[in-house]
Each structure stands twice: as structure tokens, then as C-alpha cells.
Amino acid sequence: MAYLIIKDDIKNLLDELIKVKAVFAPKKDAEDTVLFGKLASGAEWYGDSLLTHTTAKDKVYLQSETFFKIKKDKNGVFLEDPAEPAETVIFGCRPCDARGFDIIGKLFNWSGFVDEYYTKRIQKTTIITISCEKPESTCFCTSFLNGSPVNSTGSDLLLTPLKEGSCLAEAITAKGEAIITGYSRYFKEAGAAEEKAKIEFKTEAEKKITKKLDLPGIKQKLDTSFDSSYWDTAHLPCVKCGACTFVCPTCYCFDITEKAFDNINSERVRSWDTCMSELFTRMAGGVNPRIDTKKRFRQRFMHKFNYHVDNFKEELCTGCGRCIKACPVSIDIRSVIENV
Amino acid sequence: MDNKVPQLNIVGFLCNWCSYAGADMTGLGRNTYPSNIKVIRIPCTGRMDPMMIIEAFHNGADGVLVSGCHPGDCHYTEGNYYWRRRYPHLKSLLEHFGIDKRRFHASWVSASEGKKFAEVVKKVTAEVKDWRDNG
Amino acid sequence: MDKELQDLIKKLLTEKKVDYAIGYEKAYDEFSTRPAFVTSAEDTARLIFNKYCINNLGLYLTKLKKNKIALICKGCDIPTVRELVKEKQFSRENVIVIGAACDGVLDKRTGKQPEKCLNCGVKQPKGADFTVGTAKDSTTARNFNDVAEFEKKSSKEKMQFWDRQFEKCIRCYACRNVCPVCYCPDCFAQRSMPEYLNKNVDAEENKMFHMIRMQHVFGRCTDCKACDTACPVNIPLTLLTKKLAKDAKELFNYESGADMDARPPLSTYDEDDPESGIM
Amino acid sequence: MAENIYKPHLAKVVEIKAETGDIKSYKFELQDPEVRKTFTWKAGQFLILDIFGIGETIFTFANPQTRSEFVECTIRKVGRVTEAIHELEIGATVGLRGPYGNWFPFDKWQGKNLLYIAGGVGLAALRSSIEFALDTFKDFKKKTILYGARSPLDICYKDRFSDWEKVPDTEIILTADKGADGWKHKVGFVPAVLKEVHPSPADSVAIICGPPIMIKFVLKELLDLGFTPEQIVTTLEMRMKCGLGKCGRCNVKHLYICKDGPVFTYSQLKDLPDEY
């Protein structure tokens, strides 16, 4: 069952949500950076940009997550669990961001081990996604299976802006349903005309995404191109920073370190890490299997479009194109994998 | 010592050859200074790595004092001359980052200037206190 | 101009004067370029130069130390080459500097010209081995007005400003990695013994990273703005790099990458240096 | 919800023994008696040792499941965490989590000759396997242990060899890259000694662990001797953080060394890119 919400009511809805939950939505600051920030009022929401500079990933999979606090004194060692995560709403992310949660979630529940921290947070998070009206030149979500500017994977509630100043609201999960029933005064039932308008919206939006990759073909090609001489030159412009991986909605690699305050108190912290860093694979003795910048560069693309496909039958990428924009030297992930 | 200002931490990096001995001399001469300063002995002000000063502020120091031999008296001949160049640059940069100029100081204290050391520490403590109390 | 550039590089490559030519090529759309590494004469057709060529290619000199390189530089990138040569990271004989006349570049994030281009005295490159094209320098000279304006703030305001900036920082190290003079193979940020910087990302840790990085590039930073334009979350690092340039100029009358004979300010001293308020 | 996978069990150091100048062996006792009962592992698996206030690192279990009174590890001082471990005293509290990874496929090796080839601290990774084989010696034919170190002083587990040798059909061959006064064993690199010993590949399994350069030449030697890739088993070392196939750094091709390894046969490794 689909519903309609008037665009002006969205701010009112946000105001009400803020009263009971932590609401994160795109916010613009003085330097024109648009990031997911905690809203103090619905008016702070900035809905005019297509993509935020970084993803909403860090609201569920924190860039630095405290596993537990450690107190070590003469009486022994005591471990203290962190506070339970709060009820959270991520509002206004895009379908590509939302799909990232789905991909990371599978990884964190993989191989018989359940990542408690991620799972707890995602269970308490409601993801409200807005379909993309104006995809940009860096977008390539339609290359993926079911990928589209109106894709609902990973979302709890999908809003699609229609022409008459209202949005079509579709609940994807029970959490999304709860928003509609809980704030029903903002939602009215949609008819067949609106459903049809959404299909038009989809066709229009998809038309704007011109780049389409043949991902199964690329996967096959990558199977045999580990030793390709292409990598010898392709990596040269790359400066091996971690911008691409840190703005990626699907990159999940992490490091576990200790943050010591003094000799008694410390915290075990998980922080994002990047395969582009030399330290990523360097062992204590100094041996590093991926010491070569070429190997690290190759690892990123191979992992995303080949290794991960072997394990999960889907690419570790949602086509948001953030890495292309964030890259200081404008390396285009699409052309790299196409040109191998 | 009774003239300690509560809850104020000042890190003093003192050169081994002059200021550290000077601090010793303070006690011998029965001069007192606020015990807010926590002394770390360094080989020479020329060895004073700016990273450590930044680290000290990062770890919650309210003030930092670096003290060494008078120019011309360096045990290593020229270490403090380098420090004399590094200091204004570092102070200016820290200030740009919002670390008030009252929080970072340098001084020349020789091994015999126990009294001067006490004066310096008093002055530094007063400045840091002023920063904390008056913003 | 592209044609002239391509022909020149074609010539250099055919005559085997260089192994690599590093220039710019079109990236993902008309408004973006990326560094291009060209090794054969046939490949030169992709080289271009336009107002979107924002990267400072001097960065790659320290990564290809053993090769002979033709490097396309805007006027503002040439000090980088000089600075690296001065720091003995690269020998001047191994690099052919091709100056590209530039009418100012556009920041891809804002679509506007950055401040450095508005007050630029090196639009027509100075000190290049070859120069391609002509451009007219800005009528206004480079100045430190914006930094001076920022300096007027109280330390509390400055602190709040930077806290807000470093709250955004994701510590991707793009600023460090695009910096031509940040070439240490073992950066303090990744050392574990002693551990200066924790992996934990929060505003305080991030601020410390930037403070130490800025301190480390003092007297070496040529204020090329590579870090500023690289930042994926738009932290105005130019406020810091420009401050370094201003301090070097005001405290030590030194300009990085300008005079090949001048000693870097912190690696020398004068017995008559001022006391600068040392008690 | 199930147990938190990142939270360690507390344990106490009950014994420390210096093996060489920079290698020490530790015995840890889990504090919680319930955990002591359930914490079991198989030879070849590894654990994550947690030094509170410093960090975590991966080590292999040095003792097999047949001698599982304590958790034992042999640790060389190379980095920040291992340095802190070397400063531990008896009674200190550490954390353990695990076990992780796969184990040596002893059920496939029944009735075969076992040839262990180790270099340096690599013997620690094989010790659990060796002692398991010795404890269940009837299941196997001849057990040969070829062990080399840089110098006689760098030999680990010196005091264990006499016990090991008492087990029927067991032979220990020791070698040092450089000899010293009173050294009665062989002198020379492990691959050279291997050539000299000339073991037969018939009905045998070779299990290797050591520095990468040793592994490289031992592999060549074994293949020359006629061992097939399936007969060669090694245990890999990678930088790991989680041990759970999540943190991403031990990813080689579609495998995660921590989850799919660390024990691999050479026939598996042949197809992997050279990134381990």
C-alpha cells in the first residue's frame, strides 16, 4: 500500500521524529559541505543535493566504535560494555546508500559470526530513502542487479518525489510501516495515478544515467586479469589515500586498536581502515604482502568486483559514484574496471 | 608547595644542562614556585620536537613551558639557536589553531638561576590561569 | 594549446629525453581532469590542458625518482619542483619542466576560481624549461588578507572554528597523500612505536594530525593548495597553508620554492635572531 | 543475542619461559571455570591475545587439544604488542578470544609419514601439530622433524626434544645456519639439509612453517624430491585483526586467511596470487 506525503509536511514529520529519536539527515555547512548530521529541527534538513559528501554508513557502522571500556588496576581487569545504541532515523539517503547497508549487513553476519555492534545499531535504525530525481554524471547504479534511482533494497521507507509537490511513500519493512501508521496524519492513501507517476519517474531518472557497465563480463574478465600489465600503469596516478574507501557506502574493512587514556583506563576501538594504506597489511616484523602500491590499487577493484562476487554473488559497490568525486586525482572506478 | 593553582596542568620541558639544574637550584635556594608544573627533562631545547608540545596540549595540558640554556651557552653549541627559531613559528601556528598565546612559553634559565626559574614558573602559571579564568 | 603541448611531449618522448610525461587528461566528464602518465609518442593525443587541471603534478616526482620525467606545471606548481630538488628528493637534470600558461583553474567542488588564481603572479610560468601558451598575470598581487582576517578572531573562536572543521574530517589522509612535500615513507601518523596518533577518529585526534602535519611542512609547503582541493569534505586547509607561508615570510623572510640558495628557515639560525618573547 | 564475538575471555599468566633471546613461551589459564570447559581448539588454529591497554594480536596455539590444561603460546618480540607481552609477569591478566581458522587435517593423514620442516619461531606454529601427532603416534608411521634456526642460541623448545624423541618412530634433525662450539647437530640452511636427508615422498605429508624465504626454497626442494602439491601443507601468516573474516586485511582472492586458513596445502596456494 502506497501513501502520499506533501513535501511541506516532511519538515513537520522530521520535527516530530526528532522528539523521540535521533534523526540524521543531510545538512549543509558554511563550506558547502553536505553531510549527514543530527537534526535539531526539520528546517535544518538540506534536500537539494543529490549525494552527501560522505555516506550515511557512519551512522550505523561508526567510523570509530568503542567495543568496550577496559579498567585495569591491581584488582584485575574489568570490561564494561558501551551504552546501548539509541533509536535512530536516517532520513534522506539515496537508494545507493541504502543498498550499502544491505551489503555490509550481509558481511557482518557472514561465516557464522554475528557482529553485535552493527546488528544492534541497524535494528534500531529506520532508513528513509528519497529516490533520485536528477542523477549525475558519476552515477551508475543501474548497472547493478535491481539497481535504480528508485531501488528500495536496504530502505525501510522509500519516498519518491512526484510532480505535484508531494512524495509517494512506500513502506518496505515493518519499521517503515511504523512511521506511516505512527504519523498517519501526514500520509494519505495514494491512488493508481500516483503509482503510475512513479513508473514514469523511474524511466525519466534512469534515462539520465548514461553509463552502464557489463558487470558479469567484468567479473569474468577480472578472473583472469590479476597479472595483467594494465595494473602496472593504471595505479600510477593514484596517491593511495583512503578517500575512496571512506566515502564508499560498502567498504567495510576495519582495524581494531586500543585507545589508552592512562595506565588504568583504555578502550577497545574499531575504526575504519583502508586497503590503500601501506599499514593495512604490514605485519609486525615488517613483512608486507601488499607493499607495492600497484598491489593495493588492484586489491580494491578486485575485491569489489571479483572476490566479493565469488563469496556473496553481488558486487561490493552500489554505483553511487562518490569515490569518483572524492578522488583527489579523479580516478574513475568505472573506467578502471572497464579498461582492464 | 602552597601556591599551587588547583586543577591546572603545565608541562615543563627543561633542558638537561641548564634549566633542569636551574630548577634544582630553586629548591636549594629556598625559592618556591607553583607546583602546577610537571617537569620533563630533555637533552636540549634543540631536541624539542614540536610534536611533543602538540601532543602535550592534545593530552590536556593547560600550558607548556620550554626552557633551556641562554643563547651562546648551549652544551651542544647551537641547539638553542634552532629552538629560538622554532618557538615563534610554533607559537604562531598553535595560536592559529586556537591555542591561546598565554598557554605556550619559552625561557632561558641557566643552572645558577634558581630564582629566575621560580619567577618564570610563577609568571607562566599566572598567564595560564588568566587564560583559563578570563578566556 | 593542446596541440602544441602534445607535439612538444611527442618530441621529448621520441628523442628519448624522458621516460614519462606527466600531464592531464580528461576524466569522467568535461569538467574534470586527471593526471595522465604517457610513455609513448602515440599516446600523447590524450594530453590536454584547460581550466580544470587543478592537480599539482609535482607530487609524482618523489614517486618516480629513478625516471626521467617531463612534467606539465602551472606557474604555481613550479615552486614545488624547486622545493623537491632543493630537498634532494629529485635531481633537476631528471625533470623537464613544461610550464603551461594558465588563466586560473576552477575548483571542481565550487565551480569557482580559488583565491590563489584571482591574485596570481605566475599565470605565465616562470622558471620552466619549456613554456606553452601565454597568459596574463592578475592585476592584484598575492596577499595574506584572508589569513590576517582570520587571525583577528579570538583564540576561542579559532578553536571553535577548527573543532567544527575537524569534526568533519574522516582522516582519509588525502591531504597528506596529495601533498608533494609530504613524502615521508613512514609518516608519524602511522607509527606505532611511539604512537603519536591513535587510529580512533574524533575531532581532537584529527586536529592533532593536522597540527603536526602543518608543523612538519612549515618552510617547505609552497602553498600550492593541493591538500585544500583534495579534501573530500571541504576543510579549508588553505587557511593553514597560507598561514605557514605568511609566517615564513614574516618571521624569517623566507619563501618556499623560491630561492634555491636560501636555507630552509628551521634548519639554520643566526646568532642575532630576535628573542621573540622568550623569557 | 549470541555471545559478543569481539569480547575476550579473561585469563592469567601462569608460566613464562624464555626460549631464546627474543622468544618466550607463555601458559595462560582462563579465569572462568565454565569457559575453561568450553574453550577447546584443534591443532593449527589460532587465537587472539589481548593485552589490555596495548592491543590485540594473533598467535597460534602452541599446545594441541591433547594437552589442553592451559593455553600456551610462543611469542617472538617484534612489535608493540609483543613487546608488551614480553614485559608481562606471572599473574598478569590478559584476554583470549578464539579459536579461529581451520586446523591440520589429521584424519586425512592417518597411516602416513609426517615430515615437519620448521625454521625459527615457525616451530611454534607447528608444535601443536607435532605434539598432537606424537600423542596419537599410533595413527601415523614415521614422524620426522627437521628444524633449523639462525644459530644454536635461537633454537626454540630445546628441552622438549628429548621427550619428543622418546616417542616411537620419531626423529629430530636440528640444524643451525651457523654452528658454534659444542653444537653437535647439522650446520646449514634448512633446504640444503632437506636435500641431504632426502626423505621419500611415498605415503608422506610435509608440513612447513618458517620465514617466507625458507618456505620458498623448501617448496622447490620438496617438489624436486617428488612430493606432490597435495602432500605439502603449510600454515600462513598474515596481518589479521578480527579473526572472523570481516576486517578484510587477510583477503587473498576470495579467501580470508583467518577464516579459510591458516592451514593450506600447496595445491591450494598455487592458485592464489602472491599476496600472502
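Note that the chains are named A, B, C and D in the order they appear, and that numbering of residues resets to 1 at the start of each chain.
Definition applied: a residue touches a chain if its C-beta (ideal position, glycine included) is under 8 Å from a C-beta of that chain, and two chains touch if they have at least 3 such contacts.
Note that the coordinates shown come from a computational prediction; the quantities given were computed from them, not determined experimentally.
Counting C-beta pairs in contact, the pair that comes out ahead of the other among C-D and B-C is B-C. Between the CA-based centres of subunit A and subunit B the separation comes to 48 Å, rounded to the whole angstrom. One finds 35 Å separating the Cα centroids of subunit B and subunit C. Measuring from the averaged C-alpha position of subunit B to that of subunit D gives a distance of 52 Å.
Within subunit A, the positions touching two or more other chains are listed as 255, 257, 273.
The chain pairs satisfying the stated touch condition come to A-C, A-D, B-C, C-D.
Residues of subunit A touching subunit D in their complex: 67-68, 70, 72, 76-77, 79, 81, 107-108, 110-111, 113-117, 119-120, 226-227, 252-258, 260, 263, 266, 268, 270, 273, 275, 280-285, 287, 289-290, 295, 299, 303, 306-308, 310-311.
The part of subunit B that touches subunit C in the complex is made up of residues 50-51, 54-55, 58, 71-72, 78, 81-82, 84-101, 105-108, 120, 123, 135. Subunit C makes touch with subunit D in their complex at residues 192-193, 195. Across the complex, subunit C meets subunit B through its residues 150-151, 154-163, 188, 196, 204-205, 207-208, 211-212, 214-215, 218, 239-240, 243-244, 247-248, 251-252, 265-266, 268-271, 273-279.
Residue ranges of subunit D in contact with subunit A, taken from their complex: 1-2, 4-8, 10, 52-57, 78-82, 93, 95, 212, 237-239, 241-242, 244-254, 259, 273-276.
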